[in-house]
Structure formats: C-alpha cells, structure tokens
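Chain lettering (A, B, C and D) follows the sequence in which the chains are written, and residue indices restart at 1 in each chain.
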Amino acid sequence: MLSIENITHSIDAWLNSMFHPTVVLLVESLIVGICAISLFAVLGLVLVLMERKVSAYMQIRLGPNRVGPGGTLQTVADTLKLAMKEGLTPDGADKFLFNLAPFVVIIVAMLILAPVAFAKGTQIWDLNIGVLYISAVSSLSVIGILMAGWASNNKYSLLGAMRSGAQIVSYELSAGISVISIVVLTGSLRIQDIIASQQDGWWLFKGHIPALLSFVIFIIAVTAETNRAPFDLAEAESELTAGFHTEYSGMKFALFFLAEYVNIFIVCAIAATLYLGGWMPLHIGHWTGFNQVMDYIPSSLWFMGKTFFLIFVIMWFRWTFPRLRIDQLLNLEWKYLLPISMVNLLLMTLIAIEGWHF
Amino acid sequence: MFLKKYISDVFGAVRSLLKGMRLTGYYFTHRKEIITQQYPDNKEEMKLPERFRGEVVMLHDEKNEHACTGCTACELACPNGTIKIITKFDMTPEGKKKKALDTFIYHLELCTMCNLCIEACPTDAIKMAQNFEHSVYDRSELTKKLNKPGSKIREGVE
Amino acid sequence: MIQEVGTTEQGELVINLGPQHPSTHGVLHLVITLSGETIKKVEPHLGYIHRSIEKMCESLSYRQFIYVTSRMDYLSSHINNHGCALCVEKGMQIEVPPRAKVIRVLMDELTRLASHQLWWGAMAMDVGALTPFFHAFREREAINDIMEETCGARLTMNYMVPGGVMADLHPDFQKKVKEFIRFFRTKIDEYDELVTGNVIFKSRMEGIGYLSAESAVSYGCTGPTARGSGVSCDIRKLYPYEVYGQLQFEEVTATGGDCFARYMVRMQEMRQSLSIIEQLIDNIPEGEFQAKTKAVLKLPKGEFYSRVETARGEFGVYIISEGGTTPYRIKFRSPGFSNLSALDHMARGYKIGDLVAIMGTLDLVIPDIDR
Amino acid sequence: MNKEELKVRLEALLLPPTFEEGAEWTTAVVDPAGWEGFARHLRSDAGLEFDFLFCVTAVDWRTHFTMVYHLTSTLHRHTMVVKVKLDHDHPSLPTVSDIWRTAEFHEREAFDLFGVVFTGHPDLRRLFMTDEWNGWPLRKDYEDPVNMIKL
C-alpha cells in the first residue's frame, strides 16, 4: 500500500545502500528541513485563505474571489505584495533585537514541528519526552514577542508585548495540566505511545467527562497562547493598533503572520494527537469490521482532517466573540481554568489508577 | 452556595457563547444569506433609482435643443458656486436682442449633489443623472460644459 | 504644536490615541496618561476636520445652509437638516403641511435606526467582535436603499427644505418600509443573540465608564449617553415637535450609568423607532408635501432656537438674524461635543480596553464634534 | 415656571438683571462683573436650579461681543437665556466651568473662535485651531486669504 511511511522508508533504504551513514544523516536532515519549510509556506497560504473564507462566510460576504479560481491565489498575491514591500526599521528601535524577533518567533514555531506525527510512521523526531518538549518549546515564543515589543521603541508595542507575556505565561499552566491529564492516562510522554494507546478509541471518548473537560480547557488555553481572538490582546487592533508588531512591515511582518498560523496548526495538531488520536483512525473497542473499514482511509487524511477541524473551531471563536480585557483574561485563567483543570487532573488520576476508562 | 453560583456562572457563560457560535455557524453554512454584490461585474443588472443624484446634466432633445433660458436661477441657488452661466445676446427674427445661454459651466468637483439647482430651475432644463463613476485622471476634466455644441433653446420656452 | 511627551514626571506613560487609530472612528486625537494600563487622564485634541461650518453658513442663504449640516453628524444628517428647517420655519412662521410632518418624522426615525445600527456594529468592533459589523450593515443597506429611492441619496440626503420636504414619497416607499420592518424584527433578536447576551461582551460593558446622573447633566450630556444614567432628556418627549406629541412611544432610560446601560438604551431605542414607524406608515395623510414659500427667504430680525433629538442627543440650531437673506450668526449645538467633554471624567481609573468601550457607547461622530 | 413667573423670580435676586423682550424664552442681560454671582444663584437657588447648560456661544456685534448662555432646569423644566455684554477690544469674562462642567469645553471653543478670555478657566487653550494660529476665525473682521474661499 502506498503511504508516506513506505515512501520515507524506501528513500531511507535507498540512501543507506548508496552512501555512508553520516552522509545519509546529513542528506535526510536536509530533506526534512526543505520539507518543513515548504510545509510552512503551504500552511501559511492555505490557512490564511481559510481564515479569510471562514470569516467571509460568517460575515455574510464572499471573501477573496478575484485572484485565481474562487480567490484561491489571493494569499499568493498577498505574499508577493508583502515580499516587495520595504522592511522599515524605526529610528529609535534596537536594530539587532528588532530584526531578530521575527526569526525567533518563526524558529520556535519550527522547533515544535519536530515531534508532530503527521501520519503513521511519519514523524521528524520521535523523542521520548515529546509532550514535555512541546510544552517547553512553545513557551519560548513569548520571548520573540517580548523582544519585538520592546525593541520597537513604541508604546503600543510595549503594552502589547507585556500583555502577551502575562497571557502566555499564565495560560501555559492550564495547557500543561490538560496535557498531563492525558499523560496520566497513557503513562508515557512519547507521542507514538500516546497515539498507540488510542488504538481502541480516542481519549476524548474513552476518558469520560474529565477528558472532555481537559480538551475544552486545552483548546481555550492554546487559543490564548497563540494570541487568537478572543484572547488577541497582544494585537488588539481597536486598542493597541497592532500591538507588538505595530512597527513591522514587509517580510518581517509576514514572518509574524506566518508564525501565528503555523502555531495554530501545531497546537491543533497536538490537540488532535492527544485527544483525537492523531493519525489513528476512528476505532471503536472491538468492532473489528468497523475498525478495518476506517483503516482504509489513509492516516495522513485522518490527521489533517482532525487538525483542520480544530483550526476551524478556533477560527469560529475568533469571528464570533468579542475580545476580553486584560484583567478578565487573567481572571479567566486563574479563577476558572486553573482550578477546574486541577480538580480535573485529580479526577483523571483517580480514573487512571482505578482503570475506569475504557 | 458559592460553588453552586460558580457552576451556574460557568454554564451560563458557556451557553451564551454557544448561542453566538450557533448564529455564526448558521451563516457559515447558509450561502444564500451572502449579500456581497460583485460591483463591476453586475453593472448590467444594477439599477439605480430614478431620483438618485449623480451629476447635473442638461436635457437635449433630438433636434439638439434645450430648455435653458440662461436665467441664472440655478447659479444663485447653488451653495458652492458649482454652476457658472455665461449668457450672450441672440437676434430674434424681429430684429430684437434677446438674452440666451452661451455656456453652462458645471464644476463637478465642487458639487455636493444637493439638488437645489434642479429645484430652482423654472423651465426644468437641467436634471440629475444617475451616473456615479466620476473618477478621472485630470481634475480639469471635471469642469464640464453642459450645453451641447450648436444647441439652441427650444421654441416657446420663456 | 502639540508637544511630544513620552512620560510625565511621575513616570506615567503618555500615549497618543489617534488621530489615526482603528477605534477613534475618524480623526479624534486623545492624549492619554497611563499608569500601567490604568488611565489617569484623557485629553481630547480636536479640530482635525474643523471646517468652520458656522462661518460658512453666515454667507449662505436660508435655503442653502441646510445641506451643510448633513456634513456634521453625517449619520443623522436628516435629523440635523430637520433641526435647521424647524428653526427657519419658526422664524418665518411657516405652517408645514401635515403630510410633510409625517414624512419628516418617518425619515427621522429611519435615520435613527440606520445610525444605531452602524453604532451597534462599530461598538462590537471596538470590543473586538468583527462579525456584527457586517450584519449591521446588511440592515443599514436596506434603509439606505429606501432613502436612495425617495431622497435621491444614501447618506447626505438633503431632503429637507424650509416648509416641507423636497419631493413626495416614492410610490414603493410604504411597501419597502413594511418589508424592512418585518425583516428587521427578526434581525434585532439576532443582535441580542450575537452580542447582547454574550458573556464576554457583558463583562466588558458592565460597571465600566460610570457616569452619574448629576455629572451627566453637568457635563451637558444628552441622548442615550445621558439616558443611560437615568436623565430624562428626550426632546421628542419633553418638547415635542412635528407629530411626536401624538405618537405612542416611550422614552427609554436606564439607571445603570455604565456602558451596558447606554448600550441597552440604544438597543431599546431601535425597537421604539420601529414602533413609531409602524404607527405612522399606514397613516400618512394626503396633501401637499411642501408649503408654499417665497423664493428668497428672509428671516425677521431676532433670535431663533430650535432643537431636535438626533441619534446622539440634542441638536440645537441657534440663528441670529438681522433681517437679511443670510443669518448674522448661526450656532450649532452638537450633541457629540458635550458628550465628548465627559469622556475624561468617565474614563479615569479604567483600562485602555475600557476606554475603547466607553468611546463606543458615547457613539462619537467626529465631524459633529469638530463642525 | 413659565416665562413671566421666571422673570418675577429673577427680579427678586440681589442683583436683578435687565430683560430683553420678544424672545421665545426669558432673556436676561447681565454685566460681566455680576455674571459669576448671578450664575451661582441660577444654579443653586431653590426654585431656579438651572443645572443644564445646553448651549454656550459668543456673538460678534462688531461694536461689542455678547456671550449667550442657554440654560434649562432638569428639575423644573424651565428654560432661560442669559446674555453678557463684553467689550470688543478686550473681551474677558469669569468662567462658569466650575458651576457647569460642560462650560469648560464650550468656553474653550468660544476662546478659540472669538478670542473671549475666560478668567479662572482651568485649561484655556485653542481647541480646534492649532496653537500658533493667528486671529479669531468667527469674528466678523477675520480675514484669511489662504484658507477662506470666496465664492
């Protein structure tokens, strides 16, 4: 059967038969790097178009429809426009940090890509602390945002960056606790183990109400972590014009923009992996026939379908809700999400110890 | 008691959010609600109401005759100095001098489409046209001469 | 020149909100002193679109000056024109035919609806919800189409002339307005579903930008801004003009004094406007739509003041005439100007995000403030 | 209170104003010196309580200025107009912005456009014009060959 797993394996075997193992490692790293960058580019194009279409349909309008068939090339045109724009650096800015910040943000986004399993057997690096790695690296992105806000020498940027700092640091907590509640169930931090444990059903369905709760909390927390409305206080265009990236233009702005969408993709991929079984098809207990039918759908499609559904949900939030205020945002985290997720974690531990889950 | 309020708060909040999401979800799935008009493409079926005020035009009939006597009522009525009327003296067949319109200058760039000149005109020589695409490359093109070359006043209009 | 200040001596941050800013809805320039995110002082800088309309009007005749007032509060341009026409009629003692009176009131209420719809969309946008804006514009489009058909323009209609209205109603007017009412009755419930009931929106609004009744009066606030604080100040009720005295409608007031109270007042006013339109639409008297007036109007020597209730509050026209064809001095008392003066008082102690919400509920239209 | 009753009530004040006839509302004319005290009476005296200052403007009569204050009471629903006559060369008047807060902006507007100086005003600066603007635009003798378009 032709699948991504087979392709990668055959490339690996072919390379090993031809070259020295060190060369093979180098060549494979290069291929992976190119794949990751092109995935970034494609994701950026697709997600921006998706966002614009989703928002348009919710706002009873058509959205982009002039460039290309049905407006599909709109984002390409946008990228061209951004690439041709002049990248301005303000006079009073800290030039080094100002120019570094977008790259920090995008590199962080790239790093989290490593342990994401795109399909069966398709993973850049299946490290044994995958989940821990993800939560550790994803909190680095706040450094890029703070850097951008501070280096811009703009008060709006500074306020946006400070808000973003407070926000990401606090929402890190409940996102982490939600992740841990799944780790408690599986007993492993490795992504492949987590997916394998969902062989007979996804955790969202197997883990009773606590799993559902932790899923909801995780989605809320990652929405906040990626600075998406209704938690887009770092950008808050009606308050801070554009928040931390007010002073950015051209390609540097595009990198921030791209990083935002890649981050959404990644957090949704992680949510899909933890709660919806990643590439694992929908399996129900011992219904062997049903499970086999489901297996006919390629695993990469399962993964993409789940991820894009979650991305759609996050977009749905954005185009429905008003923005919270900064103190309400922190209230929501410290007064509601964190206590609930802690109690939830206890329940989950109880379930895991007693083996009540299916 | 506190816990009960806490829980009902959370549930009420979630319900109100879901209500909003239901509405946007409805519009997302119902394409017939879309109200976008594809402007330059729909020019054929686009119909502006008859009273729509786009610009001032002078009515000419097929004999290239208009009804303007050059009385300058519109010029006086205009709040912005949009209209400038230059008159000349025609010789009537009886050999008498008669005041007549020479040039009707209309500055579209000054016009606010307030309709006061149309109201003021005693002979209904001018009216508002429905054209609204006025952009030009040179501002001087917006200064228009409304009476067509060679046109003259219709018989019997005083 | 405005001096550039980065921080005050106390180490407070000074930022400029505007004149180009997404939430100032125009060219309002606010200099805000902040301590952290908390507002210490808001200082408006005006005049970016000051056109000195009052000076312009001194050289325009009584027929001509009316159209200029459309350019002040462009969202209730028709009501502004109404105020001017009333003032000239008061001076000339022109009796307006009953049909014209009803047409004027109908148009006023449609304008008020359109203005409140735009406000609703913009308000939601200020607090970060972007979708309501388009929903509001869908309904507003229907009103604009009705306006376009009857008045000939969509925003700056100039439909009002001293002594009546410029043209008779379009034959389709009644049918279209009834259609619109049916359509809007369902949509206004969607407004509540999408925004009013939303928990995030409520928490952004409740208890924010408190304005007590005494301060509202002292700051000269009118319209929904003052009525949200429980001050009864609806000119339509207190000093009825045209046919408002014979209509059944309520003056909407709320006692909260916060942003949510002002928001609810406007939402209820939309329903009241709908009911006023419903009362009148089938009872438009036959007859002339314009009284016979002289070609050149000359107001007698004296002073005339008339006021109307626009979507933002009390709009006053004060004409001093020397007996000529042009006013000697004309003063427009615009509601936005007084409402803005209370902004500093209302915003102190709240956060930047709240300032945006407060400005949203004040419903500022900058040309109305600058004139 | 109706127009006549209001007039009688005002005449009972310590410094009674003179009245103008023929206007829609009771119109009182006071001196600049007596204005501040008169205003305080209007605001706080029982039965008057004019708490809502809805229109403030200046008029340039070429020989003199008049400040016109339109007042109403939200309690008793009566309205009156106060006019203060000012000198043309040095128009100056005590502020009432501490009595009616709305006067703060309106007086700034009058200062900006007419050059009427309000003594005691907390923040008397140009409101619409830029700070370095010359002249007072709404005065009748104001000429600005650059910005004014003659039609």
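Here is the rule we go by: a residue touches a chain if its C-beta (ideal position, glycine included) is under 8 Å from a C-beta of that chain, and two chains touch if they have at least 3 such contacts.
If you're wondering where the values come from, they're calculated on a predicted model, not measured in any experiment.
Participant: Hey, what chains does chain A share as contacts with chain C?
Facilitator: Joint contacts, listed by label: B.
Participant: When the contacting C-beta pairs are counted for A-B and for C-D, which pair yields the higher total?
Facilitator: Most C-beta pairs in contact, of the two: C-D.
Participant: Averaging each chain's C-alpha atoms to get its centre, pick out the one most distant from chain B.
Facilitator: Chain A.
Participant: Report the inter-centroid distance (CA atoms only) between chain A and chain B in whole Å.
Facilitator: 51
Participant: Please report how many Å separate the Cα centroid of chain A from that of chain D, as a whole number.
Facilitator: The answer is 63 Å.
Participant: Taking the mean of the CA coordinates per chain, how far is chain C from chain D in Å?
Facilitator: Whole-Å distance between the two chain centres: 25.
Participant: At what distance in angstrom does the C-alpha mean of chain D lie from that of chain B?
Facilitator: Spacing between the chain centres: roughly 42 Å.
Participant: Can you list the residues of chain B that touch 2 or more other chains?
Facilitator: 17, 20, 23-24, 35
Participant: Which residues does chain D have that touch at least 2 chains other than itself?
Facilitator: In chain D, 151 touch at least two other chains.
Participant: Residue numbers in chain A touching 2 or more other chains?
Facilitator: 58-61, 319-321
Participant: Given the complex with chain A, which residues does chain C contribute to the contact?
Facilitator: Going by the criterion above, the answer is residues 13, 15, 21-23, 37, 124-131, 133-135, 138, 194-195, 198, 200-201, 203-204, 351-356.
Participant: Residue numbers of chain B touching chain A in their complex, please.
Facilitator: Those in contact with chain A are residues 10, 17, 20-21, 23-25, 27-28, 31, 33-36, 38.
Participant: Looking at the complex, which residues from chain C come into contact with chain D?
Facilitator: Within the complex, chain C touches chain D at residues 1-2, 46-47, 50, 52, 54-55, 59, 214-215, 217-220, 222, 231-233, 238, 302-305, 307, 314, 316, 318, 320, 328-329, 331, 333, 337-338, 340-342, 345, 370.
Participant: Can you check the complex and tell me which residues of chain A touch chain B?
Facilitator: My answer: residues 54, 57-62, 65, 316-317, 319-321, 336, 340.
Participant: What residues of chain C sit close enough to touch chain B in their complex?
Facilitator: Interface residues on the chain C side: 60-61, 63-65, 67-68, 131, 138, 141, 148-153, 156, 158, 161, 166-167, 170, 190, 193-195, 197-200, 202, 295.
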